[in-house]
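Two complexes, one shared chain (chain A), two partners (chain B, chain C).
So, the complex of A and B:
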């Protein structure tokens, strides 16, 4: 059975992550929306191309380019992306035009680019890559679905390298709808405590994180993906039991887990899930990341980016620590995420 | 030949019927489901026809027994109906009695509710519930919830090849021993978003679509949902399940040519078919019927036809037809309804007619099967292609 190694990562986020894993993080508890640190797009696109593309597509291309470059591989055997909301900049644009102009005088550009698989197919066109090309759109497990699919292919030796990524973009209108629906915390309601949440809803953001997965360990290897599991719906107690069973199924004991990365997002309504899972690992160093990345459907890809970097550097940045535990060495790591009680993912990685 | 993965149940709702039997009856009696829209308030009402399901959302809600305060999009309503049929057809009483997953697919998701309430959300509090119903994942969560399914749930969105890819992932998961049972398929409702999108691309016909005809003018947009239940051989054996047919081959390839247009020579489609034969472990000559993507756009039918000719170079092209003239192009659901049709073709030994065909295309010598044809069918190949150069092939076989 083939193995799965993370051999390259590219990340566009609310932190300065394009140029490597940050040593310091920007933390702003006062805001309900974290703006991304924009990459220098001119390093990647002509100004004309740049104007034509929505930011999700641009960020996806930047992140995937960085990931492939780092792994020294520009011809993956598969390209798989995940995006919960898809290309909402273009779909908002097209929908507004339909409504505002009463279905007249429309042009196809934004419709064409509103398709969920725009990022994956743009990467394929740019690379001339005729391989397998999938896009998953299942809320908070959109990225893990891509990871799951990639691992299925690497396990079965159907592929030797798979480019995967999670991409999410936000628009002003969708942001206003998410506030109305109670998904984003109200304006001016901070400071927000992401770890010890006392209010409902979350602090949002957007981003793109890509990974080049290969079946061979090499100099650029960050970590090995041991397993990933997706469950649509659980109670907090079931989530905790699931995490344990997941680890045991991988022939590990709970105490062999050296660190846990949890998707705490500051939503008091659903925080119980992370607390329930965390409880069984009170002996292990625990980390959180959505106070630096914000919440979005593929924020868990940022979580994997954090986890992989910690395994590589063997150091946990103090900004990301959720407890005071530490270990002399970090070997096995569990990542757990959910969003609003749905789309639970368990990921196990190792050095 | 690869033994493949067993199909033990199917469910469908489309413009030509509310269940498998009604769809089969329409296909074999030549009744197309293309009509002016009754349910959508679009300014293009008078000029274009659709593969519309005539049930209203209110009727679907009653049929599904949903509470009045539900926030189901039409895509979720159609998907739930078809998925429930599939599970019932497979004789499953406890959906969680085995490791069961759901691999759904959709291209519009809850766009039909979003476009109706887009500017109302701030004025009408009763519409706010639909904000959460916009994304594709919400559709799948609702279907899973209605089935009482707890387990692996995901959604694929690769435009018009989506459901083929859902079938493919499901079959691979069964093969890998990750699941014992998986419900796979897709759902898409008509929406002004896609109607206007395809209209701006100028690939909608003002009449009835005519796949593989020289004078074809484009597609009729349709809506549908369909699901298959795939089960492992262990479950089939243990439960003494009747196997309807098997998924023996599948592949996805990318044209890597253009966001919306297919390449002239059908490169991606050719690759998908060739890889699917490899996975199935069969030669192209073993196919008895090809259910073409055949959207009746000038670009698709030319590209797909060329791809089929490349795959069958020096060999006879099997009987083929597109069923889009019956149903319209149902986007993400297309490969799911056509999977049901492929199984029906195998079960009943029938090639469904390619309606509305008059004139052979200038570019090549391909003639679709225009009349219903009865013969033994062991293997069916089904093509589906989507935006982003997404090309998928699934091969079905008699058990």
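So, the complex of A and C:
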């Protein structure tokens, strides 16, 4: 059975991540929305080429380009993306045009670009890649679904390299709806404590994180993906039990887990899930990341970016520490995420 | 006519989202497709909708577009003679 190594990573986020893993993070507890640090897009495509790209597509192209370049592989055997909301910017534009123009004068560009698979297909077109191309739209496990598919293909020797990514974009209109729905914390309600939340809803953002997965270890290798599991619905107690069973199924004991990356997002209504899982690992260093990445359906891809970088560098940035534990070396790492009590994902990575 | 040409350039830049291009960058006689701005068939559809929406011109034969969208000069000539609004 083949193995799965992360050999290249590209990330566009609310942090300066395009040029590598930051040594310091931008932390702003006062806001309910983290703006991304925009890359210099001209370094990746011409203005003419970008004229039809919404920001999610642009960020996806940048992140995937960086990941492939780092792995030294621009010919993946498959391109698989995950996105919860897809290309919402062009969906907004198209639907607004229908209303504004009374269903007349509909232009093709925003319609064409509004489909969820726009990012994966644009990457493939740019590469001239006619291989397997798939996009998962499964809420907050969209990225893990892509990861799961890639791992199955690498395990089964059906592919030797798979480019995977999680992409999300936000628009002003969707942001306003999310505030109305109580998904984003109200304006001017900060400062927000993501780790010890005392209010409902979350601090949102957007981003694109891509990984070049290959079946062989290289100099550029960050970590090996040992396993990934997705569960739609659990209680906090079941999530904790599930994490234990997941680790044991991979022939590890709880004490062999050297670090845990948790998706705390500052939502007091659902924080109990992370606390329940964390309780069983009080001996291990614990990390959180959504205070620097914000919440979005594929924020867990940022979590994997954090975890993989920590395993490679063997250093945990102080800004990401959720407790005071430390280890002389970090070998095995568990990542757990959920969103609003649903879409639970468990990912196990190793050096 | 010069005002219309300027207006067309501004509309094309806005509709096609041509970042970093100003009306001054588009010569009146420069080809819009292939060379010049390197527009393609999807852009042509956007321009057909632009003529319909802003000037009341309905292009029933898409082949007409090739001659009309040759340059800003040819577009302006066609709009001047066929506009209904």
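We take it that the second predicted complex is superposed on the first by the 350 of 351 C-alpha atoms of A that agree within 3 Å, B and C clash if a C-alpha of one lies under 4 Å from a C-alpha of the other, contacts with A are read in each partner's own complex, and residues count from 1 in each chain.
To be clear about the criterion, contacts are C-beta pairs under 8 Å (C-beta built on N, C-alpha and C of every residue); 3 or more make two chains touch, one makes a residue touch a chain.
Please read these numbers as outputs of a predicted model, since none were measured by experiment.
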item: Which superposed partner A:1 touches (first chain B, second chain C, both, neither); value: neither
item: Which superposed partner A:329 touches (first chain B, second chain C, both, neither); value: neither
item: Dominant contact partner of chain A by residue count, chain C or chain B; value: B
item: Touched partner set for A:107, first chain B, second chain C, both or neither; value: both
item: Touched partner set for A:50, first chain B, second chain C, both or neither; value: second
item: Footprint overlap on chain A, comparing chain B with chain C; value: 104, 106-108, 112
item: Interface residues, chain C side, partner chain A - complex; value: 15-21, 37-38, 42, 45-46, 49, 52-53
item: Interfacial residue positions of chain B with respect to chain A in the complex; value: 42-44, 102, 106-107, 109, 111, 114-115, 118-119, 121-122, 128, 131-132, 134-138, 140-141, 144-145, 149-159, 165, 169, 172-173, 176, 178, 192-193, 196-197, 199-201, 251-260, 267-268, 271, 386-390
item: Residue numbers on chain A that touch chain C, as the complex places them; value: 47-48, 50-52, 101, 104-109, 112
item: Chain A residues touching chain B - in the complex, by the definition given at the top; value: 79, 84-86, 91, 94-96, 98-99, 102-104, 106-108, 111-118, 120-122, 124-125, 127-139, 141-142, 145, 148-149, 152, 155-156, 176-178, 180-181, 183, 229-234, 297, 342-343
